[in-house]
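Look at the two complexes coming up: chain A is in both, with chain B in one and chain C in the other.
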Partner chain A sequence: MKFIVSSSYLLKQLQILGGVINNNNTLPILDNFLFDLKQDELTVSASDLETTMSAKLKVDSDSEGKIAVPAKLLLDTLKTFPEQPLTFVAEDNNTIELSSNHGKYALAYAQGEEFPNPVELEDPSSTRLEGDILATAIGKTIFASGNDDLRPVMSGVFFQFSSEGLTFVATDAHKLVKYSREDVTANQSAEFIMPKKPLTLLKGILAGSESEVLIEYNDSNAKFTFDDTELVCRLIDGKYPNYEAVIPKENPNKLTIERNQFLSSVRRVSIFSNKTTHQVRLKIAGAELNISAEDVDYSNKAEERLTCSYQGDDMQIGFNSRFLTEMLNNLTSDEVQLEMSLPNRAGILTPVDGLDPGEKIIMLVMPVMLNN
Partner chain B sequence: MNKKSILHLDLDTFFVSVERLHNSKLNNRPLIVGGMGDRGVVAASSYETRKFGVFSGMSMKVARQLCPQATVIKGNASTYTHHSHVVTEIIKNQVPSFEKASVDEFYADLSGMDKFFGIEKFAKELRQSIIKESGLPISFGLSQNKIVSKIATGEAKPNAESIVAQGNERNFLAPLAVNKIPMIGNKTYQTLMNLGIYKIETIQQMPVEMLESVLGKNGRTIWKRAHGIDNPPIIPFHERKSISTERTFGRDTIDVVRLHATLVAMTESLAYQLRKGNKLTSQVSVKIRYSDFQTQSKQIKIPYTSADHILIPKVEQLFQQLYSRRLLIRLIGVRFSGIVGGNYQINLFDDSEEMLNLYNSIDRIRNKFGEHSVMRAITLGTKTIGRMGNAFDGAPPIVLAHRKQ
Partner chain C sequence: MDAFYASVEQLDNPELKGKAIAVGGSSQRGVVAAASYEARKYGVQSAMSSVMAKRNCPHLIFVKPRFERYREISQRIREIFLEYTDLVEPLSLDEAYLDVTENKKGNPSATLIAREIREKIKERTGLNASAGISINKFIAKVASDFNKPNGQKTVNPEEVEEFLEVLDIRKFHGVGKVTAEKMYLLGIFTGKDLKTKSLDYLTEKFGKSGAHYYNVVRGIHLSEVKPNRIRKSLGAERTFNENISSEIFMLERLENIAEEIERRLTKSKVAGKTVTLKIKYSDFSMQTRSKTISYYISGKELILEIAKDLLYQEKMKNSVRLLGISLSNLNTDKDKITSEEKKEVEVQLKFEF
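Right after this comes the complex of A and B.
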């Protein structure tokens, strides 16, 4: 097995694939990249058993072979090279020899057969959408997903495909984001929960990409295909909570405010809040929004007043400022609307402007119980 | 560096004095305050009973045998708290900075006041005004640090004062027994006695390394204290890092229903305290002491909360895991630690609005009519678990005289 490839081209692909590899694996073979060479087409794969990603590379070769090469060693080496052609030759003594303009390097490789095979999807359904749309949907939702091992369904993003549109939902039971696209539809209705890790990878690769992504899925797995890359992952098993039921329908109190101003005020005030609970208090009366925080343990205190437009009864509501800043940060509009009903019911944050046609975002944030 | 002046004030036989204040018939008669049952312990005893060998912390049964003529009173924690508060107010109004170390003990920092008032005169006047205004006898010790002042007070008692002049600390401490040093409890005292160290003087003559090799890290502190050069700061505000409650049963029990009710009542009371103080807990622990005095406890980390419906199941779960010995139980207790300031973060899926409104209403009723005005039906049978006042007002927890803090 022998092939010649450009160093920066190889590095770029391997760095993307490297994101799949866990730092500490139970199976040592997973610390490797699988190199599968068929003439001038080299398929490189990386896996953590849950997620397997592979990319096809054009190389200069006329041989065939399948070997597993230590990922970290290879990446560390490639990073140091300026652009140049590299020659890989697999020797008989289980080492692969890498020749550059500077010299020679030998890496021990494992047999390619030891590498776990990616899952084949049986009778999958499929949908196509633009890469950037998928990346945006992931970016808008993934931050709201949870980390609780006891509730694994909430650690992913819920994909809901139907003929009316696509919906992406994430929640950690304290905040919830629902991102829907009515301009993209699927032929068949389907629902599945995608784990966070492959989504983070996809988001990184697909941001700004105009290429079309083919999503295939069945009950247990999903496969994303685009350009020369393929990502197969296991889905999170379980029933996603009925999120529609917890979105309050009637919210008579409506606050409209400039997003950046609101965000920077909350940020500033929250510096003075308790370092663990990050709680801030919003007091709304007339056209004035009062944001305050207090850390009793250190006698730190802050209060800011903003003008806003407000319809509804005067009210006081407490929030974890982390949630508010995360959400406001994630939005891009100039103005946002915060709809509320009671101090112990969810606040609904929506952008007022700046959405693409067919795009819709609802962010929900649960308050903290204030006692007065 | 300028030398400091620290005043230590200690109310003499506090609980006894308060009882006598309310009932003058008890004056000059042997009096014991503490639990009345066989399980009870002596919380305070008057000087008349000390001749008979009664001391706080001993079992009531033994105390009664030693001094059968003594009047025994159950005592009422809320009256003691009230009187303690009166004294605190008097001190607070007169000194620049003070620490309330327990219900009946105070430290005041009088550094720098000598120039203007004459601190000895000031301390004497402060003591007189406390005696006059509260009607309770009090003693004080004055020196340049907390430890020496405390020892001085202990030497002066009852109803007296003692001033250790600057530079005279070593000479003052030298003839005293080593267990006068705060921190030397029974165990350390035994260790030191075995080494032939009876007087503080002996420690003063020893190199610090020797003490350190015997007692470890504490050795150095004890050595410094023996020389009168340990200077712990005055702590004006005690931050509560945990709240807890426990109960010793009158008779050991395996009545699971009663145990369960007691645990629920304890959790309910502690959770109410959290909410009242705008606090959340992140760690729950349950303690069991079996009839053979073997004590076990188990704790669990949880996301920050102050909600009954989350805490009660956790406590129940811990108890289930812990109680496995099929043995009579003597004591059970619940503790919340990892406390931070904040309010309960409502959960989208688990919390219903009815539940939240219920908490709000219950707490409002309790704030108005007292903690026991509303309670879970299951806890009706449990006697008076709960406390008065705010657990997070900076005052130290009320610790009975015989308990080590």
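Right after this comes the complex of A and C.
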């Protein structure tokens, strides 16, 4: 087995794939990249058993072979090279010899057969969408997902595909984001919960990409295929909470405000908030929004006044400033609307402008009860 | 105080002296708040409906209550108490516990102090008071009813056991009609009967109160006289001019009640966690439904929200004559709010998945 490849091209692909590899694997073989060479096509795979990602690289070769190469060693070496052709030759003594303009390096490899095979999806359904749309959907939702081991379903993003559109939902029980696209549809209705790790990888690779992504899925696995890359992962098993039920239907109090201004105020005021609840208090009367925070333990307090456009009864509501900033940060619109009903009901944050046709974002955040 | 509201009325209006009067509304739906002793002879009792009172005593005179006036007199009486001790725990406008173990007059006899206080009350307000004197609040309270009206009863430490043994079970403070009936069914008619029952037995039959009964009948009641009684609940209720059978109309009334509660909460600067809805049906049967949430509330919207849930929780059994809302589990309960809980006062809410 022998092949020649550009160093930077290989590094770029391996760095992406390296994201799959866990830092401490119980199974040592998973510390490797699998190199599967068939003439001028080299398929490199990385896996953590839950997620397996592979990419096809064009190389200069006329041989075949399948070996597992230590990932960290290889990546560390590649990072140091300026762009140049590298020659890989698998020797008989279980080492692969790498030759560069500078010299020679030998890495011990393991047999390719030891590497776990990726899951084959049986009887999958499929949907296609543009890479950037998927990356956006992930980016808009993933931050709202939870980390609670007791509710694993909430640690992922819920994908809901139907002939009417695609919906992506994430929640940690305090905040919730629902991102929907009516301009992209699926032939069959399907619902599944994607774990965070593969989504983070996909988001990184697909941001700004115009390539088409083929999503195939069944009850237990999903597969994402685009360009020369393939990602197969296990889905989170379980029933996603009925999120529609918690979206308040009647929200008579509507606040519209410039997003950046709101965000900077909340950020500033939150510095003075209680260190455990991070509570900021919004008091709205007429066209004035009063944002305040207080840390009684240290006698720190802050208050800012903003003008806004407001319809509804005067009200007071408390929110965790972290959630508010995360959400406001994640939006890109110039103006946002915050809809509210009661101080113990979720506030609904939506962008007023800047959406693509067919795109819809709704963010919910549960209040922190004010202690009057 | 003996027949407090009624006595005040008789005092202020000499024409009523010696007559059967009842303080309360005389209308179809009125209730007797207090009855003079002359009326009590005819079986008129407080909390009795005015219609029934009138039936029992046709010449009964109804007088509208004037709570401002009662409060004023109550204040004057309280001033007298404070001349003797600071440990005064008011139970209502006309009742209070006094701890005179150490008193400002240095008088070692509680019996004599009681007599003095009663004389002073008579002198300054013209009203009669009764007193019970004993080793703890429970026995003192029971004893105060013993020589009513205008009398007093001392139960000395060595008499406590006997006093309680012969006491009718209904006379035990805290034993009402329902508990009394339950006790009768268990063959408990006097303190002596009660004493034969084991602690386990009473706890099994009466829950937490069982232990209370077990102790008090042995003369053990360790509750101190607390001068600053902490408010435990706050509520408001309305009796309607006509019985209501539709929830829609009830909602309207609840809104008014919630508003009133909000006003009272703001006034006393408290908030609570438990909302209780009280429903009195046209047949005078009562029902309460309550819900406790994890955070303190004091706004009318939230109170109304929960009251609404409680209202719709179950169908009404009958048309309704009275609705009330009360808020308990208040944040005044200082012992309960440890530093840890204080931090929890600001609660991050969650979606109810």
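In this section, the second predicted complex is superposed on the first by the 372 of 372 C-alpha atoms of A that agree within 3 Å, B and C clash if a C-alpha of one lies under 4 Å from a C-alpha of the other, contacts with A are read in each partner's own complex, and residues count from 1 in each chain.
The criterion applied here is as follows: a contact is a pair of C-beta atoms (placed from the backbone, for glycine too) under 8 Å apart; a residue touches a chain by one contact, two chains touch by 3 or more.
Every value quoted in this text rests on a predicted model; they were computed, and no experiment measured them.
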Chain B versus chain C as contact partner of A:N93, first or second or both or neither: neither
Touching partner for A:D295 - first (chain B), second (chain C), both, neither: first
First, second, both or neither for A:N24, with chain B first and chain C second: neither
First, second, both or neither for A:M366, with chain B first and chain C second: both
Which of chain B and chain C A:S163 touches, first, second, both or neither: neither
Touched partner set for A:N147, first chain B, second chain C, both or neither: neither
Intersection of chain A interface sets (partners chain B, chain C): 171, 173-174, 176, 241, 243, 246, 274, 276-277, 279, 318, 320, 342, 344, 346, 364, 366-371
Chain B residues touching chain A - in the complex, by the definition given at the top: 239, 275-276, 278, 280, 304, 340-350, 353, 356-357, 359-360, 363
Partner chain B, residues of chain A touching it in the complex: 171, 173-174, 176, 241, 243, 246, 274, 276-277, 279, 295-297, 318, 320, 342, 344-346, 364, 366-371
Chain A residues touching chain C - in the complex, by the definition given at the top: 171, 173-174, 176, 241-243, 246, 274, 276-277, 279, 318, 320, 342-344, 346, 364, 366-372
For the chain C and chain A complex, residues of the former touching the latter: 271, 295-299, 301-302, 305, 343, 345-353
